[in-house]
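Each structure below appears as structure tokens.
Two complexes, one shared chain (subunit A), two partners (subunit B, subunit C).
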Partner chain A sequence: MTALKRLMADWYRDLSEGEGPVVYLPVGGNVAELPRACGFRVFFPEVNALQCALRKVAGEFILRAEEQGYSPDVCGYVKSDMGLAASGGSGPFGTIPKPDILLCTTSGCSTTLKWFEALAGIHEAPLFVLDVPSVRDGAADPHALRYVVRQVEELASVLEKIGRRKPSRDRLAETLERSRQAEDLWMEILDSARAKPSPFDAFFEAVFFMAPITVLRGTPECVEYYRAAREEVRGRVAEPERRRIVVDGPPPWPHFRAFRDLFKRWGARCVASTYVRVGGDWDEGFRHDPSRPFESMAEFAARCYTNRSLPARRAILEREIRRFDADALVIHSVRSCRPYSVGQACLRVRDVPTLFLESDLADPRHFNEGEMRTRVDAFFEVAR
Partner chain B sequence: MMDALEEIVASCGRTSVAEDVAAWKARTGGKAVGCFPVGVPEEILHAAGVLPVGITGGAVTTQRADSGVPTFTCSLARGTIERGLDGDLSILDGMIFPDACDVARNLEGIWRENSPGRISEVVRLPRNPQSKHAHAFLESEFERLRTTVGEMSGRDAKDKDLRSSIQAYNRNRALIRELSRIRGEQPWRLRATESFLLVRAGRSVPVEEHNALLESAARAIEMSGRRRRDGVRVVIEGAPCEPPPAGLIETLEEAGCLVVEDDFLAGRRRFGADVEATGSPLSALVRAVLRDVPPSGPRRAEGLIEKVRRTGARGVVFCVAKFCEPELLDLPLLRAAVERGRIPHLTFEVDGGMGVFESVREQVEAFVEPPVFFP
Partner chain C sequence: MFVLGIDLGSRACHAVLADGEGRIAERSFLPAAADLHATARRALESFGLRRDEIQYVAATGFGRGQVRFRDLAITEITCHARAARALLPDASCVLDIGARNARAIRTCADGRTLGFRVGDRCAAGGGRLLERAARALDLPLDEIGPVSLRAQDPVAVSSVCAVLAESEIVRHVTDGRAVEDILMGLHLSVASRAAALVRQLGADGDVALTGGVARNAGMVAALERKLGLPVRTSPDSEYAGAIGAALLALKRLRILDHDPRVRLS
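Moving on, here comes the complex of A and B:
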């Protein structure tokens, strides 16, 4: 955890004190390797909003945005960020630099597009939209993938102009190779949850462990982090577990501990989760590939979990339940994220007991601890 | 006594969508497919002999707990699934959803999971129209749709069929543009509620029939001797996807607004000019889509100010569907822009189930009264 804190602190420090052009990116299906290889510093408004929620300052920012006319019914991350902008851009982590360009991939949600449009207006910076068509079934169809690849090529020349630096083939290959290495290590860690008992919690721990692969993918620090993390997990003596659960949905960041403890009391270990796939997934051996630079970035962009149809998501859940030998499914539906939550209640998997909970990922007002506890307890009580 | 136009408008609501579709199916033996707003290319369905049925919302009556559509989604989404699965829209042979918003895109999966045997498709509209490759992508996307629809109806949409469908829809859009022109210039000759109902009537009949209706309405407007009516000229913004109930528009007008422009039923009005009916028809459709991408965010705010100036409107009424995130996210930007332009504005969050408009009336009356407009 301390290594992680240091990494995140360094990331913020580099943003406020470092040199080089700045690009804003969303988490979902981003192609961070490309701007990184062109010398850009990358910033993720969502990750910042998440940090605000975790540090319990999002509530104030959200109120501030609502005073400015944002509805109580829109994404809490956006409001947290708009509230932050209205407060002069200074948050708990220092001042975030203005973007030289915003690069919005559409695979995560269409809300980010509105968010980035608004930010581009505030900062008077150009916005590049990388349109990633949604994926209906297993894999993206060829014409959609071709369209994404071509746009990544177009993006490369835009970045070159703004960053005044050509993305050299070698640098890009090196960056992608580091992504691949980190991905291999990260997959190994996630896979360790197949052991019984599992030494690793694929939700309550993984949501922190996934930070470097989200914000630092392609850097040497990221590879180092996962190498050390894998060793640490390998050396663990697993604590006993009573239940093996799969979790669908993001965590309620402002009440993370309280939420985690509801499950801990029952000895429930999460063995697989979908939230770790909100950037993209590495199923069926997919990895970033220096020999197919643009193609693999495009493919990664399409593989973001919320870019997939509900039937495809159900198939993933079924597969993970089998693969990790889980005995229950927990669906956490958050208001803020419609691509996640609309239809989520029909994702129940046959013959697998399912617990459905609702709150939010950023807005502390939507979390009712008493009610949640009652439902969690009732669920595990029955299934005991 | 009703004038000729009022009689035509009254005829629009006499039969329900389900009755219209049932009658058409009985008459032709064809299939009917729902087109969720905004952006499904109806021409492709029409050319394959399928009836495209426009989904325009309405009240949500029961909450199907198992449908998976949460309560914090627009009534359009909730209503479509509910009515499509076991309500009046179960007469449809399938649904096509554009991925215009995250909710619409996910509805496709819900529909597919719950309606085996009926078609369920997503049309992915390009969100990067600046890309040189958006055209090729969208053309393949439309081609894919043409194949799916053709397989379903048993009749291929050949290029020549598509060209004549494009012509029929061009005629439709030209007639609708004409209604908008009249309203912009002499709003007392055609009320916003009337034009809304006239345009909406096209949702459940073939386009040729709708064209005939609009032509007769145009003639009736021409003949009518309606007297000039005073009121405060306003633009309505914020409802391109889920429109407000007609009663709300009527209330705005009764309370003193002359609605000179609105963005209701945007799918029927998305092209500012004709789609070319020569050459490759799919390619022509794609060019039109890429040419007339609706502006969003700050660009939309600029467009709104321009619209207000162009129409000589004195105020803006925002009618945004409750829980509609795309509109609710643009709203603060739009409001900030009209405030900078010192344009008075008023906001309503609407829901397909709204039936009582007393508080709307009071707010509008206060809005159109001096001193807001006559300082």
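Moving on, here comes the complex of A and C:
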């Protein structure tokens, strides 16, 4: 955890004090390797909003955004970020640099496009939209991939102009190779939860472990972090577990500890979760590939979790329940997040006890601990 | 020997004392005060017994964690399921409408829970809305049900919020609508939210109505209309949480007698 805190602190420090052009990216299905190879510093408004929620300052920013007219139903991350911008861009982690370009991929979340449009207006910076068709149930359609690849090629020349550095083939290949290595290691860590008892919690721990693959993918620090993390997890003696659960949805960040403890007191260990793969589709075998640089980035963008249909998402949950031998499914629905939550109630898996909970990922007002405790307790009382 | 089941809700505290056969010996009802533990204490004292004269205490309801003299805390979902099968054995689905919200539970014949759905956090789905309506219309709470049954043309109450629903009531009053039509409109509004929970569980037989709202004949009629299913109540429906807790306390006591190594949770 200390190594992780240091990595995140370094990321923020480089953003506020470092040099070089800055690109804003979404988390889901981004093509971070390309701007990174062109010497850009990479910033993720979602990750920053998440950090604000975790540090319990998002509530203030959300109120600030609502003062500007944002509705209570708008995404908590967006409002946290808009409130931050209205407060001069200075948060608990220093001042966030203005973007030289915003690069929005449409596969992760449809709201992000409007969010990035608003940010582009505030910062008077260009917005590049990477339009990614839905892959629905199966593998990405070859025509759709060619369409994305052409846009990535166009993006390369745009980045070259702004960054004043040509993305050399070698540098990009090196970045992609590091992404691949980190992805292999990350999957190895997540797979360790197949052991009984599991030495690793694939949700309550993994949501922190996933930070480097999200913000530093393609860097040597990221590979190094996962190598050390894998060794640490390998060396663990697993604590006893009473329940093995699979979790769908992000956690309520402002109340993370209270939420985690609701499950901990029942001895529930999360063995697989969808949120930790929301950035990329690694568990279905995807890896960035230096020999197919643009193609693999396009594929990564297309295959992200929220770009899938509901039946495809249910199939993923069913597979994870079987693969990790889980005995219950927990769906945490996020009030202000449409791409993740719409239709989530239909993801109940037949013959698997399913608990459906609702709060928010950033807005602390949507979390009612008493109500939630009753649901969690009743759920495990039934299963006892 | 006696066991105590205590249901400490957000508006009221129900407690029952049961004997070793699970028969209800005494009931106690108190309005809940801000000091939940003190309310629970007063409920215990109302039976004229000391704590050490009761073999086992199970607490349920919103304030269950505040009953410091309990042996066991159980959620109201598990308790209502258990009690409903004892009170109304033919109903395989329980609808508990409390002050704050509603819960639908599917049960098996021995009272264990098969599945449940809980209404969202807003009081528009609970009895508290009816209390507010009674106050706004200047009627005793016990009369709003019977009055609503005289409705000829119920008004539409569209609001999803208990506070806004109250302002809707005021608007209907100023529009000159009959009190019984306003009240039935309100009952149907609460019933439609509760019915959605029952339908999510795929209930197709008798529905047992528990919780304080079960005393309200207008709500029973509104629910039957919204559900198209028979809705059954028992004179003990409002004590269901406490009865379920007492029955589960007895069950736990039997397990403990049989095997003293069983740990309390």
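Definition applied: the second predicted complex is superposed on the first by the 383 of 384 C-alpha atoms of A that agree within 3 Å, B and C clash if a C-alpha of one lies under 4 Å from a C-alpha of the other, contacts with A are read in each partner's own complex, and residues count from 1 in each chain.
Everything below uses one rule, namely that a residue touches a chain if its C-beta (ideal position, glycine included) is under 8 Å from a C-beta of that chain, and two chains touch if they have at least 3 such contacts.
In this text, all values refer to a predicted model and were calculated from it rather than measured experimentally.
Who does A:H288 touch here: subunit B (first), subunit C (second), both, or neither?
neither
So, A:P339: does it touch subunit B (first), subunit C (second), both, or neither?
In the superposition, A:P339 contacts subunit B only.
May I ask you to name which of subunit B and subunit C touches more residues of subunit A?
B
Which partner chains sit in contact with A:V382 here, subunit B, subunit C, both or neither? Use first/second/both/neither.
second
Is A:P133 contacted by the first partner subunit B, the second partner subunit C, both or neither?
A:P133 contacts subunit B only, not subunit C.
Would you sort A:R277 into first (subunit B), second (subunit C), both or neither based on which partner it touches?
It touches nothing on subunit B or subunit C.
If you lay the two complexes on top of each other, which residues of subunit A touch subunit B in one and subunit C in the other?
In subunit A, positions 358 sit in both the subunit B and subunit C interfaces.
What does subunit C use to touch subunit A in their complex?
My answer: residues 62, 74-78, 101, 112-116, 118, 120-121.
For the complex, give me every residue of subunit A touching subunit C.
So the residues of subunit A touching subunit C come out as 358, 368, 370-371, 374-375, 377-378, 381-382.
Under the touch definition given earlier, write down the residues of subunit A that touch subunit B in their complex.
Contacts found on subunit A: 68-71, 73-75, 78, 82, 106, 109-111, 113-115, 117-118, 120-121, 129-131, 133-134, 136, 141, 143-144, 146-147, 150-151, 154, 306, 309-311, 313-314, 333, 335, 338-339, 341-347, 358.
Using the touch definition up top, name the residues of subunit B that touch subunit A in the complex.
Spelled out, the residues of subunit B in touch with subunit A are 65-70, 72-73, 77, 99-103, 105-110, 112-114, 122, 124, 126-128, 130-134, 136-137, 140-141, 144, 296-299, 322-323, 325-326, 328-333, 335-336, 349.
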